[in-house]
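Following this line, the structures themselves.
Each of the two complexes below includes chain A, the first together with chain B, the second together with chain C.
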Partner chain A sequence: MKNDDIRASLMKRSRAAKNERFGKTLTGLCILIIITVVVSIFFFVASKGLATFFTNKVNLWKFLTGTIWNPGATDAQGNPQVGALPMIVGSFAVTFLAAIVATPFAIGAAVFMTEISPKIGRKVLQPVIELLVGIPSVVYGFIGLSVVVPFVRRTFGGSGFGILSGTFVLFVMILPTVTSMTIDALNSVPRNYREASLALGATRWQTIYKVVLRASTSGIITAIVFGMSRAFGEALAVQMVIGNAMLLPGNLISPASTLTSVLTMGMGNSVMGSLSNNALWSLALLLLIMPLIFNIIIRKIAKKGAIR
Partner chain B sequence: MAEPKEMITVQDLHLYYGQQEALRGVTIDFHRNEITAVIGPSGCGKSSLLKTINRLNDLVPDVTVTGTVKLNGQDIYAPNMDAVALRKEVGMLFQQPNPFPFSIYDNVIYGLRISGEKRKNVLDEAVERSLKAAAIWDEVKDRLHDNAMSLSGGQQQRICIARVLATQPKVILMDEPTSALDPISSSEIERTMLKLKDDYSIVIVTRNMQQASRISDRTAFFLAGELIEDGPTRDIFMQPQKKETEDYISGRFG
Partner chain C sequence: MSPRKWDKVATTVLYMISVFIIAVLAFLLLYILISGLPHVTWHFITGRSSSFAAGGGIGIQLFNSLYLLILSMLISIPLSLGAGIYLSEYAPKNWLTDLIRNMIEILSSLPSVVVGLFGFLVFSINMKLGFSILSGALALTVFNLPLLTRKVEDSLQAVHYTQREAGYALGLSRWETVIHVVVPSALPGILTGMILGAGRVFGEAAALIYTAGQSSPPLDFTNWNPTYIASPLNPLRSAETLAVHIWKINSEGIIPDASAVSAGASAILILFVLLFNFAARYFGNKLYRHLTGARERG
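Let's turn to the complex of A and B:
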């Protein structure tokens, strides 16, 4: 009799098992929704973006290398004029230049905060950096428009709108991201490397650049690529200062445009399903693929760094 | 003229971390070309003592040191003493093997490189000499450019020994150098140490009493920041003068 009771209770699903199952279902559902959203966004953008090439029969190569962007009109041979090269060049130019300018400042600030004066770093600089991350991009753009653009105009001539102004604005915008990720990279260098170096008669400076920076190289590169990914996708602030001329930029102070700025400018002015609309989706697809490539690079670097 | 047999003389050394007194008036000599073992329970100040000898304590905030520490007759806490120069004379080996995540070669020549040595033949020669002295040359000579982190713990520790030897210090401080290693690696490190004492003066902090009795010429016993007793290892272990020493080495506490 007693044995039967035990058997019965074992055969029945217990309360704990039910709870377990409920939790699993709940979290699984959340994941499922997120994945669905991501996949459908990707699918939607891809189907729209690829329509330019399949429905409107635009040559992919011409799209990537053409220099005239005028989707509403056709050229002498009747081909639509959707050359995205000016925007591609513009996007990469501001991204790389901003990263090049930001990197030394970010490394300098991170070294100061982790190696030279962690106390001031934690109390003063950390909150400042967090504040910088939180400022909306339209504010950066506004400041860029009223301060950076006139400054560039006075100093370098031209209208002031252009890649140089875009670079300055993006530099300030990605600096906190790159800095705080570099700080994490430096902090992850074990303390005993520093002790070993100092005990061998190295100065603090030698320890920083021969051991700490060298041991955290992969982390620092990850930080830079992450910052570039942010700069590449930034739309509003760049659009406000770059001048939005769909021309291949000849120099740093002539007006230019980026993939994002063309999208924000153009998206309200085209009809769903038309070529000019599809062409914008193709730009969006490019914007989607690039961060993906950046991410793959980051993972590769992280993997390489993990072996050390 | 014969050199005095004392390599390091410590007189009335007090060390404070903030308000807390970690060393309470320590007076002790460490002899040339001998291994001195420093034993005592955790928190008795033995590691603190070690780190005053190469002034690594300078890096800890709120540290105060009073008293004198002389290396080869020179006061290392004198105002004109350069801590960086001192650390080239006094090498140190840590509890956790801590090679840099670079190649074996780059690890060994690190000390020379930061002193500005660039000549390749000098560096190559130093690598071979140091790795041989650390008894690891045969194991790594074919892969000097592999990452030192890929070696075993015992091998890593011997790379660290080689890294210290490459700078040719006078004194080597060892802070429980084998406590993170397996018994076989430990005995290899011990064998290496015994060879090294012909050329170097070694101070080793250890919690392993057998190790102290096996390898050291002199032993110093510390308790609660004070030197209780020091002398030839044989005397300390066979006929300790103080009751605390006897209790500790016979395992009655600590």
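Let's turn to the complex of A and C:
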């Protein structure tokens, strides 16, 4: 081989390097597509959702605190009646109540699986929780409609539709998520914490209560906030049992509505670009922003409570 | 009470909570299967749904669900594989990569109804796909991508670095190492994630109401030409899936046997979810045994 040939072959990009470049570009493109999707979700929903305030000149404060949702009509001053408070209250009510009910069960199950009986936990409870995650939300909605709503009607009176039924359904839906994240939090507590406590003569429950749960508090709160974020965004199951009345909920058993339920019911019945449509997009924007806020809260907690 | 007694009480309570959770699942499954399976007949599974009379089936909806599932997995599997490989193998450790990871996490935490509305706005209206299988499949892809990507990345990360070094030592490029060494040994985890993702997609309804539509026009099962308007394979026809059907007949429908039809449809849906779950477990373990010769997945 002549010197020039060797020189040329050395200067040329090798087959492996070409291969490498091909792979990096290909996988980079996939990432780029995902980033484009995320950015465009925010762009499109925000551009539609903000139109209510910029094009239709609805006051943001009035939108958030108004109690009458009737985008087709105007009030005495000629302002459109788009008060989202009933839905906002409904969403937060079902979210918080479901989290409050689910938390003790989730922590209890997680403690059982990590501290009391890891064997039963792994063999029985783990698959049970995975199956609960897998059940589609419409099935939860259907069971809510045919079991929970009649149960609430018989026990507490009223129509049975309302925040209480929504809470029951969401409780079962977020339970597996919160439980499995709590398990991770408990497992991340170092073993020597437990051993130290037991060596001091503490019982198992004292160890769990005073050491393990204290050391994993931030992880558990993260799990709960994550579950709340799930509950906040759940649409169909809640929509099917909450009654869909756009009124400020006075009690737990009267029909109410959530941001998601209004969106699923209303989007098909309004014309693109009209105020009532834009107002729905503003609700969607609210739904888009809330997971972000939940996310920030989770990050703050995780940072503060990291075991060093 | 003495600490020892408290310990007993607490243990009992914890046992009761665990039993309660198992009972909830057992109740859910039994309720659905007992109330649903009696309605499941061959006519029900293959029959056409009715919009106002009793006795409708779910044939077209079931077909739509499966078709949408396949279509969306066809799009999302390669994308999530690529993205997962990039994040695990190529991405440098810097703020940009962190930002990308955060974006994917945010995408996975978005409510599915928002994803559905985004799909409605972009795929159905802006891209003029209308209420169609294609826009439904794209919306499901958006819905499923972050979790699949995460799963692929985690599975790849779990592969020991010595495997990669062995590849480099043999003179393979990084890409060749990834394709021939790392991905095959991460395959059990990736496969499990994909099947579970498929189960999630199969039961999803909120993202589909405004993308794949809520109506199921009659299909001609003798003409499989994808361009023919009533062809089952036509990706531009509107398609109500099984999950959307259950929601629709319970919230807006007027058919008299709504609860019977939705019980039957729920039973079918649950059976598919169980199937996906067991398939994920079975194939994951089988592949793992095949690749490693080990008995149990460690």
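The rule we apply is simple: the second predicted complex is superposed on the first by the 296 of 308 C-alpha atoms of A that agree within 3 Å, B and C clash if a C-alpha of one lies under 4 Å from a C-alpha of the other, contacts with A are read in each partner's own complex, and residues count from 1 in each chain.
Criterion: contacts are C-beta pairs under 8 Å (C-beta built on N, C-alpha and C of every residue); 3 or more make two chains touch, one makes a residue touch a chain.
No experiment lies behind these values; they were computed from the predicted model shown.
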### Task
Return first, second, both or neither, reflecting whether A:Ala215 touches chain B, chain C, both chains, or no partner chain.
first
### Query
Of the partners chain B and chain C, which touch A:Lys48 in the superposed model: first, second, both, neither?
second
### Task
Determine, under the contact definition given at the top, whether A:Asn19 touches first (chain B), second (chain C), both, or neither.
second
### Query
A:Gln206 contacts which: chain B (first), chain C (second), both, neither?
both
### Message
Is A:Pro255 touching anything from chain B or chain C once the two structures are fitted on A? First, second, both or neither.
### Response
neither
### Query
Can you list the residues of chain A that meet both chain B and chain C?
202-203, 206
### Query
Which residues of chain A touch chain B in their complex?
190, 192-193, 195-203, 206, 210-211, 214-215, 307-308
### Touch list for chain A against partner chain C, complex
16-17, 19-20, 22-24, 26-31, 33-35, 37-38, 40-41, 44-45, 48, 104-105, 108-109, 111-113, 116, 120-121, 124-125, 128-132, 134-139, 141-143, 145-147, 172, 175, 179, 202-206, 208-209, 229, 232-236, 239-240, 260, 263-265, 267-268, 272, 281, 284, 287-288, 291-292, 294-295
#### Entry: In the complex, chain B residues that touch chain A
54, 56, 59, 84-88, 91-92, 94, 96, 98-102, 110-111, 113-115, 147, 149, 160, 163-164, 167
### Sites on chain C touched by chain A in the complex
3-4, 6-7, 9-11, 13-15, 17-18, 20-22, 24-25, 28-29, 31-32, 35, 78-83, 85-87, 89-91, 100, 103-107, 109-115, 117-118, 120-122, 125, 142, 145-146, 149, 171-176, 178-179, 196, 199-200, 202-206, 209-210, 214, 243-244, 246-247, 250-251, 259, 262-263, 266, 269-270, 273-274, 276-277
